[in-house]
């Protein structure tokens, strides 16, 4: 059998397994969703392209597909907002928005109030300064950036709360598919920063939600 | 002048600048400590070798030097334990203990109750299982591992709370000075994981403390 | 002439040359098979896409093409099962199955009883524990995993028999096309582990068969 | 406590935990040996330099230190030779001998008959041909090579038995500390080859012994 | 103007500039050929795909396009065979033939007698031994190999003449697009070996011709 | 909102934000241009393919699209030529011209007199010598090269003015997508050289313009 | 003879050859200085340790050795200050000061007014803001930073003048000896930035001086 | 036994095995020399430090040690000069001289007339031009360079004879221990170039001698 679903996960971790859509056929995704749906309140599928998503939504008409985040969200009913505070998602450029939205949707589905501010990169630092109170009010921050990935250091230097840094593969040349942003974030001279994999908006949203749990 | 101390930091972030000891002379460290001491309750210096530490402690007799963690801690009085819950530090091997202790001392100095369990790597997975309740009770977990860095995935799969993964440079050959452990942790198939730089026990302790703030 | 077939190989090594399908035309594959068929009982072609396979099967109607493993197997008659014990193939995720099947088919064609268990990755370690007796009964184990590649360490820690670890290119970001899983497996803290190239299910099956020889 | 010994390992795996000497003090090694000695027949310590070894042997006078392999072996009595056949250790150059000996000593301590032939690299291929019958009689082969690491491919092409390839860090320039030999071995055009970490003679000996088990 | 032809090159170096076809349009190639043809006896264009080649041959009907080597050769009349001896081109596998042929065509067009033997890789070393006299008679050898790139070391160990080693990008996983074969050849334990860029059959043929000059 | 335009930039830096076209839709580009046009005299969009450019030019008929440089330039009226001297753009090969032209167009739009000389690489060094006076007259030089990237060292050795070196991704094998040219330029043995990212003609033009400011 | 001095360089480039001290003996350095002194007004030697410097100063008593910058400066008389404006050297941390000083000394010796401000990294961005007018008044800026190397982007976003970015090897883990800072600077989202090699303060000072020439 | 001398080599290849001194003790070197001396006319030992060399010369008083090249040469009598023409060794900088001398000594010992010219790097290209006739008269050229490794391209562009390029590890930062020079040489836009390993002066001398054989 192709899938060994971890049915015990929502008991153990408070949230069911999330289906990694890349490399699975629509039929496999539907098969897994059908089995999980029997016991779960919410299902997420990440990294699904539009064609596969359409096939899945034929079977699950009540699910929603977000084109930018490339995610499917199915919910019996939205989970109550139980997070301790607000989760703020900040992006450095316009091109980083798809990854930022994957983080927003994940944290939202896990029961959090999520706010966002996009395209406030360090080449015009006053744009960030203009949002200072938004930054200071958040309980957890997610900062998404490509190219040299400098934004999380600057943001983390302005707040006391934890910052989850998400490098993106946006850029060219020695951006190296996001490695440069990743390594920059890991060597951040601010200390309230931890990092997830390149383009892993999902993981950032999940980690932020686990931090924001009561 | 060689140092531009960020005197505003404890207001903004709740904790003063921490002094990175590597590449500074004992005289420079003492100079910075003297100026900071005027306004702060606690001072940390990381990555200090024993010789430099001895020179610093001649001037600051009341400071404490931890040989394993290679840290100096100076406190007017210990900060009250204000963290929301317990921070648990887990290490995979005996050789990872110096990094683990740097995390313990940092989180402790920042006002947290810290527990630890060492040498419970995945080659004998039952050793970890024996500590299941300790894992489940922690509010934040720090997991330190070298070699293939598999431990954070397994631990994070057992709990719902956030896990800060710390790769170490322990190993040889394709361990690549810790890059393999780092990349393994970033591609973890558990989602409540975020990662700090290789051997950065300090950053893990700081991030855990910022998560554990009330 | 384009191919210098090693006709002596089945005498020397007990199994004929296996044809590497990538970068060869269907005509070249057919040409080599025709010459080898004169003296061999079994022929394998690896890394063949469906289009090329169809062209080959027009000439060799009695051969079988496996879509998932992308292999062609032609046998005069199945070889007798001469292996000393069972070969068990374990995979960490659903997406690793194609590589795992390539291993299964190779070891099977070389005269071995092959069993398998799929999608038992370390994020829910109890799934693996449920198959403990299957693991303990095998004489050789093949463990296939992508992402951080942690599964072989855990499996090898549970058994005394040799484990062949196969990294896959499943993942993104610092998975680095499978390098991270590969390096993790090579620095495994379990010692009864040896490793083959990324996505090399064929090599793992062949090595396991050579270990399992009477 | 600094060490969490896996006392269950010799039951589970037929051989006790092996102590990784690098980064442990002589006192820590002695402490672990004292506790393990109560229940085990044999103890191995790897990667120990001469100074540390002398300190350990003061407490364990009956243990033996091998200067070339940098290993300590302590045995209540030599284990009986239970292996199915002979294990042959082949090295490409004179400089690879330390790694080759680590493999020999490990396999020997685990109850195997071990033979060896050194300095038969591919620049004078007739030297290898002269040992053809030795190669053909072995049940498991370990081939150790630095530089371009070509020897395992050639040896594995001559025999039907499994070959464990061990890359060494011997060389300079694009040898890259052994990565070139490692990658060469992983892309070997012979199929009865699996690979261990750079300079990991211990792992090769252990894997060979696990293959050679009855 | 897009091209600054080095009209002086055939005087200085005995052979005209060779046109690098990649990234040039058919029109650009034709333009350069028209200008060069006024003064040269022979023109080579490398790395041309079939579509571009067809467009070029419409204008230069007397030129010849080799599909495998992806080269265009235009000659007023074949150059006399002035080389000191024979150039032998050896390839390890069938998939390395395109690169090997690029070397053959280049050396041939530069006035050399070229022989070749293909698919004699090290996994069946007797295939190479069978051609020993061919190897010994050549004045310059070109050895083309992918995967682990071991063949040049073995060949160079058998002859006293210079060997030009050409790594190819044939392989997968840690073949790393040919880097592994390249690094293996550069760390060859035979000393009469020098190396050209990955897949650079042209450069190998040119270098061999420059060595074979009277 | 997807874009947070830095409206203050032309005041602060003398030139408005330049739109990075890669990863933006035509609609997004048009949206940003419409808002910026209200206050700016000139707009540049880089890295735009022909399809997207056509869509943008439907709305901005007076803009110009350069196919080779893949740039859109919109100007209310050409800026006056205010630069201190001439900017000279030199390219090593024919294939480097697209990057060189991106530099030319950028520096030109920013108010500079720009000259160029293409295809004067180091394999025929006399071609460069023929342009010696052009080199010596320039106030800033931009040197664009792929492959081994040797040209900037040679040019910078001939002049006293600053040289901006631009590596391109032209080449194959160990060119490594331009990394080799980049690293060669950074280790140049001439000292009046600074470097921009691979294929970043835009950045080189912008930097040259900022140097050439009165 | 070991050195082929480029006596023509001060004519061609306005400044004599600078001696690279690393890997030369004190005797070799003295020998080169003696020959150059006959015709030059100023001599620089970079990367000289204190022991070698002492030996050189025994022969050239009027030269000056800077311990931090590890440079020897010998001048017949200071060159007049001919630069167009001020060169400002900014450093991110205290540990970057040696590299920053090498830049200061070089630009100063070449006839420029040099100012500096140190330890104003991005973790406390207000420290930089406090020096805004200093930044805006400079004609050329040199920004030196290790770790994630974010400072040049922020500085360049605040000014219209050219910024020379200098990555340092300060840091650990994925700092990778300065590669991370280097790559971050090359992918800067500010455009008036060009970069020199890791720790190359000398090159930055030289390039700034060549920009600042009248 | 630690060494398996290839006594057949001087018959097969015209020159005996050369002893790689690194990682061998003086006793091992002496032992090998004693056995080889019985049948050979000349013995070379490479990569020997001064201490080991002294110990070897105590036993072989008639051998000569070259401090710069770190080689031992023992000859019954100098071989006659049988090479077809002159071998010219060119170096880019003063620091590359040790590697260049290793090449000179090797080619000389193998029976060749060797000339050399040092420190003629590309930053002052006229220095090279001054030696044009020397370059044109050589039958084989060896070009040694560190940093960006541009010299072989320029030299090879000036002559029709084969050029052996030798990258050195001289430099810092992105020189990457010589990898940058190596890759630059492999992507040379001149075609009569082949390359040996970083710092491998010995291999370059040997290859040049094998080319220069009658």
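Just so it is clear, A, B, C, D, E, F, G and H label the chains in written order, and each chain counts residues from 1 on its own.
Here is the rule we go by: a residue touches a chain if its C-beta (ideal position, glycine included) is under 8 Å from a C-beta of that chain, and two chains touch if they have at least 3 such contacts.
From a predicted model like this one, the values you see are computed outputs, not experimental measurements.
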item	value
Chain hops separating chain H from chain E, counting only touching neighbours	1
Maximum centroid distance from chain C, chain identifier (CA atoms)	G
Rounded Å distance between chain D and chain F, as computed from the means of their C-alpha atoms	57
Rounded Å distance between chain B and chain D, as computed from the means of their C-alpha atoms	36
Averaged-CA centre spacing for the pair chain G and chain A, given as whole angstrom	43
Averaged-CA centre spacing for the pair chain F and chain C, given as whole angstrom	50
Residue list for chain E, restricted to those that touch at least two other chains	93, 123-124, 157-158, 173-175, 179, 182, 186-187, 197
Pairs of chains found to touch, sorted by chain label	A-B, A-C, A-F, A-G, B-C, B-D, B-G, C-D, C-E, D-E, D-H, E-F, E-H, F-G, F-H, G-H
Interfacial residue positions of chain G with respect to chain A in the complex	92-93, 121-125, 147-150, 153-154, 156-158, 171, 173-176, 179-190
Residue ranges of chain G in contact with chain H within the complex	1-4, 6, 8-9, 17, 20, 22-24, 28, 169, 177-179, 182, 197-200
Residue ranges of chain D touching chain H (in the complex, touch as defined)	93-95, 97, 117-120, 123-124, 126-127, 170, 172-175
Chain C partner contacts - residues on chain D that touch it in the complex	12-15, 18, 158-162, 164, 182, 186-187, 191-197, 202-204, 206-207, 210-211, 213
